[in-house]
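Two complexes come next, and they have one chain in common, chain A, joined by chain B in the first and chain C in the second.
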Partner chain A sequence: MQTKEKISAFQFFTMLFISRALTTVTYLSSYTKDVRLSDMLVQPIFRITLGVVIMLPLYLIYKKHNTIDLLSLANSKIIFFCYVFVFFYFTVITIARLDVFAGTVVFPETDVNLLLVFAILLCSYGAYLGFEALGRSAVLSAVLVVPALIFIMATLVKKVDLLNLTPVFYNGVTPVIKTAFDSVGQTVEYAIIAICLPKVSGNVKKGFFWWLSLQTLLMATMFFFATTVMGNFTGTQLFPFHTLASLAEFAMFDRLDAIFTSVWILCAFIKAGLLIYLQSDILHRVFQKIQRKYFILGIGAITIITNLLIASEFKRFLFVDNSIFKIVITGITAFVIPLGILIIKRKGRRECENQS
Partner chain B sequence: MRKSILIFLVIIVAIFTFNEKEIYKKDIRNRLVIQGIGIDIEKDNSYTVTLQTIDTNAQSATSEDGASQPPIKTYKMTGDTIYTTIKSVTEIEGKVPLYSQNRIIVLGKSITEEKMDDVIDFFVRDVENSASIYIAAAKDRASDILEAKNGEEYVSARSIEIGIGANEYDARIFGTELYELINRYNSGSKDFAMPLLDVTEKDGKQSVEIIGTAIFNNTRYREYMSKDETVYLNFLSDKVYNTAISLDRDNGEKLSLNVVDSKTYRTLKFENGKPTFKIKVKISADIAEISGGVSKKMTKQDIETIKTSAEQYIEKAITQTRKRLYEEYESDACGLGRLLYIFKPSFYRKNEKNIDSIMQNSIFEVDVDLKIRRIGHEFIEMV
Partner chain C sequence: MVIFMNENWFSKKVDEITINEKNETTKKKNIDKDLQKNMAYIKQQFGDSFDVKYRKYNAQGREIIFIMVDGMCNSLLATEQVILPIIEADFEGEKGDKLIYSAADQVSASIDKSITNDLDEAIREAIYGSIIMLTDDAQFAIMFGVQGFPKRAVLEPSTEMQERGSREAFVESFKDNVTMIRRRVRNPVFKTQIVEVGDTSKTRACVCYMSDRVDRKMLDNVVERLKNCKIDTVLGSGYLQTFLDGKHPSIFSGVGFTERPDVLTAKISEGKICIIVDGTPNALIVPYLFIEHFHSLDDYLKRPYYATFIRILKIASFLVSVFLPGLYVAVCTFHQEIIPETMIFGITGQESRTPLPVMFEAFFIHFVYEIVREAGLRMPKSVGHAISIVGALVIGDSAVTAGIISAPMLIIVGLTAVSSFVVSTLYESVAVLRFAFIIIGGLGGLYGIMMGFAAVLVNAAAINPFGVPFTSPLSPTKIGALRDLVVRQDWRRMGKKKMLIQKLEK
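And now, the complex of A and B:
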């Protein structure tokens, strides 16, 4: 990863927080049909543990080699393309979810293809502006997103009914662990950390733990309110957190779901922009003669075509947004590849030591 | 480069905008703004859907008291499913229905008695139906409620919604929003409650009244509780925010309390293998009225006596309401049974099919703690 553009650890992890917040607020209830509502409050404990485990190889690489430029250490085009594919896949998923949301909730009677095309063009423009611009936008977005979410939750306090809770582990621990894996699988940010660290200055370790804790807290809080306010109604909704926001009201304002929708769009811009930027940056590294902006144009065009294909049929969205596939690719890019590099480098070092 | 990007964007916008087929529908003049939906089921299993709508082409009418009233129109259609029946209004009026402004859903007796399963899906699936919309049951036909006429004008769905929404100030009404209904509908017991509406007539003018609370057992309507009983059902359900309570004192006086705050704590423990539900109600209230003249000065002792007698009265009323609910109607509409599910899941799993009889044979201990916050603007004897 080229290190011309650098941002602070605070900016970087804020960007990741916004990016992961999108996955949280666009949570689809179909993922968790085997678990009871209160299990989702316990799930973050497993999730945070998995998050630490998944990052261990990367941490050990940093400790041993005093660098975290994973792509330089790997120096393999296959691995480069592996990351490009994963980032492309998550860009498509991000936009596809936005499309399903807009087509189902915001403009149910309208063809939202225009919105979809504009969203991708806007995200591509964000990627064109670069890593630093995205980092600054993320901090600004966080200033808007976090108070908006806190405000929505605060107005729901009076609707909380603890009798809506369910027994924990009613169907055993396995479904809860499975859901934690699902949740980790949806966190492409682990792979982003693996790639972006050379572009980040400051205390990365501290930033990582803050990021992991805060996004887990956000998830647990959202699930707490969804469970205690809506109870079993949560499971009937395609986008339960949006429905939750539609129940929030304050004084004469009773459409707080509009705030939620704007939060969603803002987060989508940051996330998809970052993912397109990363794809263009890795491709530019492989094909150095071609300027980065042409890669952004190409990626934007392919993303538009792919998303237009997916948007025409809901079955296609369900096929693409596959949780097992996401677990596999996130696991490979965030855990297996760093682990492999760690083992190979350690072996190489031992051989050098033996020869000397 | 910039020029080519601009041209590209203009072409994209043009392609999508001029191919937009739904522009016609979006004009508010072409929309039928639905304010209330009433559903009945006929003997041949067809649905009769009554829509109360705002006529967007007509000018506002002025009522007898001079207030501006939006012009209301009603439509009654019959069809095989709720969706196609509502859609068929376009054939009559040439307008596309808009549900997002819908205020209330009224379910006729034919639905509430046996066909709840058939109607509930539409309101959950259709995204335009707000999750916080009120649901009510009609004592007879839902169409009677939405077609009731107060003289020349229809009784508006908006006014019915305001009446039900007053449950925050008057616990004699048991307000149920769509998400609350579905929450209970999808729970183990499938027991719930909702306001019951009826049409009354006086001097040729009709009005829609909330006559009590319809109680459901396993998705079926059983019976209804009076508005006075509804107060105590609300206490059991921890749904009292602000309300008035009147009670008879031993000395023959009548006392009115204005409840300004209330919280019901519901806990469960097992005693001798039997579930024991502890219901602790904490109330903060003002004395609003005491019959028997204004000259009588109150002492601290009087306040203590009022507090004790009011606590006993409310405890008794809650116990009676609980008995009727569980023993006569076999319904867990106030949700106490969920305590078994949450805190004793193994017991619940084992007895899931007999939960009604377990609830009937459980022990319930009611304890009311009343705080007299204010006594009003009358003098107190400072001794």
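And now, the complex of A and C:
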């Protein structure tokens, strides 16, 4: 990874927080079918533990080689394309989910294909402006996103009914751990960390733990309000947190889902922009003669075509947004590849030591 | 200008010029020992210009010629301090360069004088109000600064009003402007550097900074960009803004401007660099951050809590002036459910009676407003009231009565127009963004507005004027600088530590 553009750990993990907040606020109720909603409040404990475990190989790699990035260590085009594919897949999913939301909630009677195209063009523009610009935008977005979410939660306090909570671990611990595993396995941000660390300056460890804690806190808070305000009704909604926001009231304003929509779009822009940027950067490393902007153009065009194909039918979206597939590819890029590199490097070092 | 300080000055200056000559790669016209050749060249350059005066004198057998541009120099000063002392002086057989030396060092009473061996430079100085002295057998000319061209007096600022600040504003003469700053910084750390810009106009741009806190690399970069700007004529500081802004296309600029010497002094004391362009009553400031548009000198002259309140007000006004019309269009077109029940009937009732869709209505009325504003800006003051009446009554009230536009839309326009003047330095960006958001809101609703907002956000975040992020100190976050971001701390705390721009560099 080229380390010309560097951002601070605060900017980087804010960017990841925004990226992860998108996954949280766009939570699809289908993910929670095996587990009781109250269990989602204790799930963060397992999420944090799993998050730390998944990052261990990467931590050990960067402890030894803090100036060389993962891709340089791997030095394999297959691994390069593996990451490009994962980032591309998550870009498509991010935009597709936004498209489903816009098509079903914001403009249920309008064809939103044009907006979808504009959204991808916008993300490509963000990617074109670079890592630093995205990092700065993420901090500015966080200044808006966090107070907006807090405001929505604050207006919902009077609607909280604690009787909606059910005993935790009612169905045992296994489903909770399974959901936590599902959730961590679908977190592309771990793969992003694996690739971007050389571009980050400052205290990465501290940033990582803050990020892990805050994103799980956000998720737990959202689930707490969803469960206590909506009860089992949560499970019947396609986008439960959007429904939650539409129940929020402030003074004469009966619906605050507009704020929620704004949060969603800002987060999607940061996430998709970052993913497109990373794809272009990795491809530029492979084909150094071609300028990065041409890759962005190409990735943007392919993303538009893919999303238009998916957007035409909701079934296609559900097929593409496959949680098992996501777990597999995230697991490979965030855990298996770093672990493999770690083992190979250690083995190589031992052989060198034995020879000497 | 170089001021003569001691008797060895001349020989030192000659050595300096010779060394510089060796280093210089650009071609220049050296002064010839033959006075007639020099005169022929000067006359060829000026042609038949009636205002260029040549005065030939014979001082003890030596031919001396004074060249000046009528109206640019003070004739009385030129006669009393330069011409009379020289033609009446006894040069005791000195001639050529020696005579030039004696005239400059011992005879003339003028303070502002320098010598050159470049005839083109001498011509430029003459154009700028100096009187040039040439003589036979000399390879140097003296340039006496006796400027006396007509200029405007120092008046009150017209666009940056302050309640408690000084009442002085910059004028067109850059020397007067520098003097106004010099009066405020009585310390030799305040430095100036002249750069000529404009291939034809040869306009002087004065780069001002404080040597003990300026970032040298940034200074060199600014000077380099000014020297390299390919432009024929510079008639104002705005001409140079593009060259200082960098290549990243943006609706915002990383270059600020001010017409107040006190504001400029405050900026250079933060380590920034200011450029005063001759002939322009305002100065450029680099680097200029986004948040600085919401700061004013009054903030620092008033109590901190009030300054904080005013800053919040300004930020809110900026947001209103950019987003309100677009949001109104988006809500009325796509998201009526957001409008409270108490208002929805009034708004929809009014909007249903107008012939145009909300987006076109908003676009039209804002366009009309911009026409009225532009007319108000250019017209003679005596007809200002008439235009205001036409704008307010005919276009406003009558258009609502006739059912062309709705009353809520008129309220939106009024509120937007007033808000946009709260942060006047951002008006250009605000006006364009407002129209953009009206269109985006009409086509994409809130979804579109947020996408537009994200585009503006990332565009602003990508600006890096001279290595300092435009969105700093909020992003990248610099904790130390946050004490003067929106909430202003009091001087007892802020005064302890200098807030320098270098600390915000990435």
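The definition used in the following text is that the second predicted complex is superposed on the first by the 353 of 356 C-alpha atoms of A that agree within 3 Å, B and C clash if a C-alpha of one lies under 4 Å from a C-alpha of the other, contacts with A are read in each partner's own complex, and residues count from 1 in each chain.
Note that in this section a contact is a pair of C-beta atoms (placed from the backbone, for glycine too) under 8 Å apart; a residue touches a chain by one contact, two chains touch by 3 or more.
Note that the structure is predicted; figures quoted are calculated from it, not measured.
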Practice task
Return fit or clash for chain B versus chain C, each positioned on chain A through the superposition.
Solution key: fit
Problem - After the two structures are overlaid on chain A, angle v-u-w for chain B, chain A, chain C in degrees (C-alpha centres, nearest 10) - result: 100
Exercise for the section: Quick one: classify A:N113 as touching chain B (first), chain C (second), both or neither. Expected result: first
Exercise for the section: In the overlay, work out which of chain B or chain C sits against more residues of chain A. Expected result: C
Practice task
Using the touch definition from the top, say if A:G273 reaches chain B (first), chain C (second), both or neither.
Solution key: second
Practice task
Please indicate which partner A:F253 is in contact with in the superposed arrangement: first for chain B, second for chain C, both, or neither.
Solution key: second
Exercise for the section: Mind working out whether A:T104 is in touch with chain B, chain C, both or neither, as first, second, both or neither? Expected result: first
Practice task
Could you look at A:F314 and tell me whether it touches chain B, chain C, both or neither (first, second, both, neither)?
Solution key: neither
Exercise for the section: Examine A:F85 and indicate which partner it touches, taking first as chain B and second as chain C; both and neither are also allowed. Expected result: neither
Practice task
Could you say whether A:F287 touches chain B, chain C, both of them, or neither, answering first, second, both or neither?
Solution key: neither
Exercise for the section: Answer with first, second, both or neither: which of chain B and chain C does A:M230 touch in the superposed model? Expected result: first
Problem - Smallest separation of CA atoms, chain C relative to chain B, angstrom - result: 6
Handout entry: In the complex with chain B, residue positions of chain A that touch it
Key = 104-105, 108-111, 113-114, 117, 121, 161, 163-167, 170, 230-233, 235-237, 243, 246-247
Exercise for the section: Please give the residue numbers of chain A that touch chain C in the complex, ascending. Expected result: 7-8, 10-11, 102, 106-107, 115, 118-119, 122, 125-126, 129-130, 132-141, 143, 252-255, 258, 261-262, 265-266, 269, 273
Problem - Of all residues in chain C, those that touch chain A in their complex - result: 334-335, 337-338, 340-343, 444-448, 450-451, 453-455, 457-459, 461-462, 464, 469, 471, 474-477, 506
Exercise for the section: Enumerate the contact residues on chain B facing chain A in the complex. Expected result: 9, 12-13, 16-17, 19-22, 25-26, 124, 127-128, 130-132, 179-180, 182-187, 238, 266, 335, 338-339, 341-343, 345, 348
